[in-house]
Amino acid sequence: MTGTDGVPAFPTSLGTSTADEIRLLGEDLSADLMGKVGFGELAFWLVALRRPTPSETRVFEAVLVALADHGFTPTAIAARLTYLSAPDSLQGAIAAGLLGGGSRFLGVTEDCGGYLRDVLDRHEGPLPADDAGWDALALAAVTRTREAGQYVPGLGHPVHKMRDPRTPVLIGIAEDEGLRGPHLRLFEAIGRVHEQVLGRRLPLNGAGVCGAALADLGLPVELLRGFALLARAAGLLGQIAEERRRPIGMDAYLTVDRNAVYTAPSADSGPDPSR
Amino acid sequence: MTGTDGVPAFPTSLGTSTADEIRLLGEDLSADLMGKVGFGELAFWLVALRRPTPSETRVFEAVLVALADHGFTPTAIAARLTYLSAPDSLQGAIAAGLLGGGSRFLGVTEDCGGYLRDVLDRHEGPLPADDAGWDALALAAVTRTREAGQYVPGLGHPVHKMRDPRTPVLIGIAEDEGLRGPHLRLFEAIGRVHEQVLGRRLPLNGAGVCGAALADLGLPVELLRGFALLARAAGLLGQIAEERRRPIGMDAYLTVDRNAVYTAPSADSGPDPSR
Amino acid sequence: MTGTDGVPAFPTSLGTSTADEIRLLGEDLSADLMGKVGFGELAFWLVALRRPTPSETRVFEAVLVALADHGFTPTAIAARLTYLSAPDSLQGAIAAGLLGGGSRFLGVTEDCGGYLRDVLDRHEGPLPADDAGWDALALAAVTRTREAGQYVPGLGHPVHKMRDPRTPVLIGIAEDEGLRGPHLRLFEAIGRVHEQVLGRRLPLNGAGVCGAALADLGLPVELLRGFALLARAAGLLGQIAEERRRPIGMDAYLTVDRNAVYTAPSADSGPDPSR
Amino acid sequence: MTGTDGVPAFPTSLGTSTADEIRLLGEDLSADLMGKVGFGELAFWLVALRRPTPSETRVFEAVLVALADHGFTPTAIAARLTYLSAPDSLQGAIAAGLLGGGSRFLGVTEDCGGYLRDVLDRHEGPLPADDAGWDALALAAVTRTREAGQYVPGLGHPVHKMRDPRTPVLIGIAEDEGLRGPHLRLFEAIGRVHEQVLGRRLPLNGAGVCGAALADLGLPVELLRGFALLARAAGLLGQIAEERRRPIGMDAYLTVDRNAVYTAPSADSGPDPSR
């Protein structure tokens, strides 16, 4: 497929425009979308290429709300420190904050959605009809994962050691909207059975339940991290607005710098977190 | 104000949590926000520290929808090329795209909102009561700006030379919601009178009208660029989802690389866009 | 270990300063380093915590020179497009370019160094004394890798299909400096034997030989990508300096945008590169 | 100028390659540059499009060494926090650190070089022949700047209140190499005369003297920030290598998070640093 002058054509289903019309997703942006489609609805549509139902939108936005801001996270502090150093570049501060959205923190949402999808993909025959069936599927999966020496994503939380308040609420919203699908049911079952395998009870965390809910919405699990990043972009904007009103970046920086202690170079000192 | 152990306290109105509760903006995240507050509503709240009304939310989300994606912009292409090179880091591709959200492209929204606010700030006495009054205020401002050798932000568009379809639609939505305030009225007046000063008729562009509408919502004009970045984060997620389904990054890269022509080094060759 | 007021102490071997002295790596920055230590030498020292010998510095800088710029790569184009959109933020353009330094492009240097180290780590007994011994070790490794369905990093190049000119030159420099160690020898052996296993002859590429040389310098293989990023930072600065003198960003963007073709949304269209 | 198929040609003086040759700056990369040109030398060449002399290289590298790392700066902490959150993306951590290289911190180098150049550009007639002449020029410039209510970049330092040790050393190196040019002489004169205008004695800081020295090397003042970013890329690599050996990111984050104090939302609380 080529365009003018033998240059390859660049196909897209997203934004295109002519002198007097702007189209997005095949719709007329100003006539059909502005004022008629919500922002969360559009974000879903841009990725899934279909307009979500009101029920899907409610679950989707509940996830974005759950992930938007968790206070002074490393990513929020990084964004504020970047804004402190480069107040001329708001985009740089937001980008710096999003760059922390990797495997360790925001990654859980994606890892959990992917884990659940893989378990469902390798399951043969019809899905379980009752909790007992889901528990059996979950038990086999957790056992397999444990035997492989891997961890089950979505279990445990450094602060909410007993119970993550977001989990039952999101499951309830999905239930209300008729969207409590196989990923959420499997995740709930993992919550019931993991103690038998791991020997201790861990809470189903909020990042994990968000990944399960997004997967039940049919969104691509390879991009679930992206929704956490979108949610976090709103949170980071709030963090920077607050940094302008009531700065803490300078104090955060000085608290570290003033407690710096020179230690003689020694390549072998300390553990290497990567090993 | 200090916290434990003489460390400075770090005040925040955003996210805080305890072992069994997660709070955001002083609300209980799971009980009061998830499923009850929309994502756009929360984004507004995080910056303005007040929950927007349904009317404000509709105008605000219409702005985010208008700014989310404009197709193959330099920022969208940069995000796709970054994803091509580093598919292991979705956050890097989104961040790379947002980094283009600076003075030239996304900056218009912020520049226009700031320009309108400055004109209103330096205006003494009551605001105009009718279009004639707004036209007089606009004419004085455009004339002053022209005399200072500066440009009026929000005027003109490379593609929509006659008329930007987003402009009348957003003004209409603001009017419907009773939120067509002084920034929008002044912007409309600039649209009516600038030809008298500049000698040619330019359209009021979409980025500009978005800045005017956000300013009328009482959002801080120093952060208007941030809302364009939030909107763009959704668009970039769509661009990357599409890059996964139907890649164009490799073709875009090869089209440039295959047409590279070596030119002998010569420091003085070509204009320096900064001068 | 705690600092003042019960705040944790923050140990560092890098930069520290007092009112009248600035120290770096335990040295007096102005008295002992400025004008006496080269920049490449310092970069090595900052990571390895030991000053490299002149021979190590020569090999190290040869690697940085080899990796600095490869013309219109996706990362260079992304940096130029970002500079086009946000000329007010040079740091954003450099950062956007570096964000492409991931698994696919710059990753080869790191992957190759890590692969070679793993083969050497799992080898028992003394290292081979001659080429025949290295060939046997390489043959076993390539066979194992092939059987595991994985690829051998550092083999093959899209442009330099026969021979990558950087490879013999870097090996020669390492030989001259007495630094042609086990990683390079194993890499060379892979170049000799892989055809027996893979059925076709592939060149040892420049990124791979750089990874082998850096590993022979004793640098941490988990950070080899970082040296490629440092080298690329210089290249990106050159790209942006050229973008200022003789811009191509606008043409690159328009070439894509003008050949955009709207395609009806269809989630299943096209392959998903991740699967 | 067009390339194949009517696509625009993309001229470059940097990297180009064919199946069997890789060229950079018009040179054969492997035959003429690797092992023969230092990394700092190449970085200068990539921007200036001319190979620096050994003297220029020594001054240039002394500047890079001076700017590479200043310990726990906001940018170093941001990079470490980003690495803590996303250890899978080294490029993201380096990019996050560089994004702090803006107007407030790294900007001084660029601002100072630009300030000095502007003073020299507006000076008519031959340059001063002696210190008295330079003092007169500096006095006029500082007075003009003060009257305009602006500040003179390169004066003062939060830690080195009396004297920045880098300043005399860099001037000495430039003197040794015969490169103590008009920008440095003017900067030194500002150091002698500013007290007469500002009423207090401030030290000439290290970032400022680096900007002056780079300007005397004939490098484009609009890009001086870029050299600070290149230097800092090496420092950030050292910071992340140390974060792997002996992490402080988690402690830095927890020190802030554990001292978070919820404060009721109040848009007008606190000063707005932007006003």
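Every chain is named by a letter (A, B, C and D) in the order it is written, and numbering of its residues begins at 1.
As a convention for this text, a residue touches a chain if its C-beta (ideal position, glycine included) is under 8 Å from a C-beta of that chain, and two chains touch if they have at least 3 such contacts.
No experiment lies behind these values; they were computed from the predicted model shown.
When chain centres are defined as mean Cα coordinates, A lies farthest from subunit D. Simply put, of A-C and A-D, more C-beta pairs touch at A-D.
Each chain gets a centre from the mean of its Cα atoms; for subunit A and subunit D, those two points are 37 Å apart. We define each chain's centre as the mean of its Cα atoms; on that basis subunit C and subunit D are separated by 24 Å. For this pair, subunit A with subunit C, the centres built from the Cα atoms lie 30 Å apart. Contacts with at least two other chains are made by residues 4, 7-8, 10-13, 16, 71-72, 86, 88-89, 91-92, 95-96, 99-102, 106, 220, 222, 244, 246, 248, 252, 255-257, 260, 263, 267, 272, 274 of subunit B. Taken as a contact graph, the chains are fully connected, with every chain touching every other chain.
Against subunit A, in their complex, subunit C makes its touches with residues 1, 3-4, 7-13, 16, 23, 25-26, 48-50, 86, 88-89, 91-92, 95, 99, 220, 222, 255-267, 272, 274. By the touch criterion given at the top, residues 4-7, 71-75, 77-78, 81-82, 84-89, 92-93, 95-96, 99-107, 244-249, 252-253, 255-257, 260, 263, 267, 269-274 of subunit B touch subunit C in their complex. By the touch criterion given at the top, residues 7-8, 10-22, 24, 28-31, 33-35, 37-40, 42-43, 46-47, 58, 61-62, 64-66, 68-72, 89-92, 94-96, 98-102, 106, 159-163, 165-166, 168-170, 172-173, 176, 206, 220, 222-223, 225-227, 229-231, 233-235, 237-242, 244, 246, 248, 251-252, 255 of subunit B touch subunit A in their complex.
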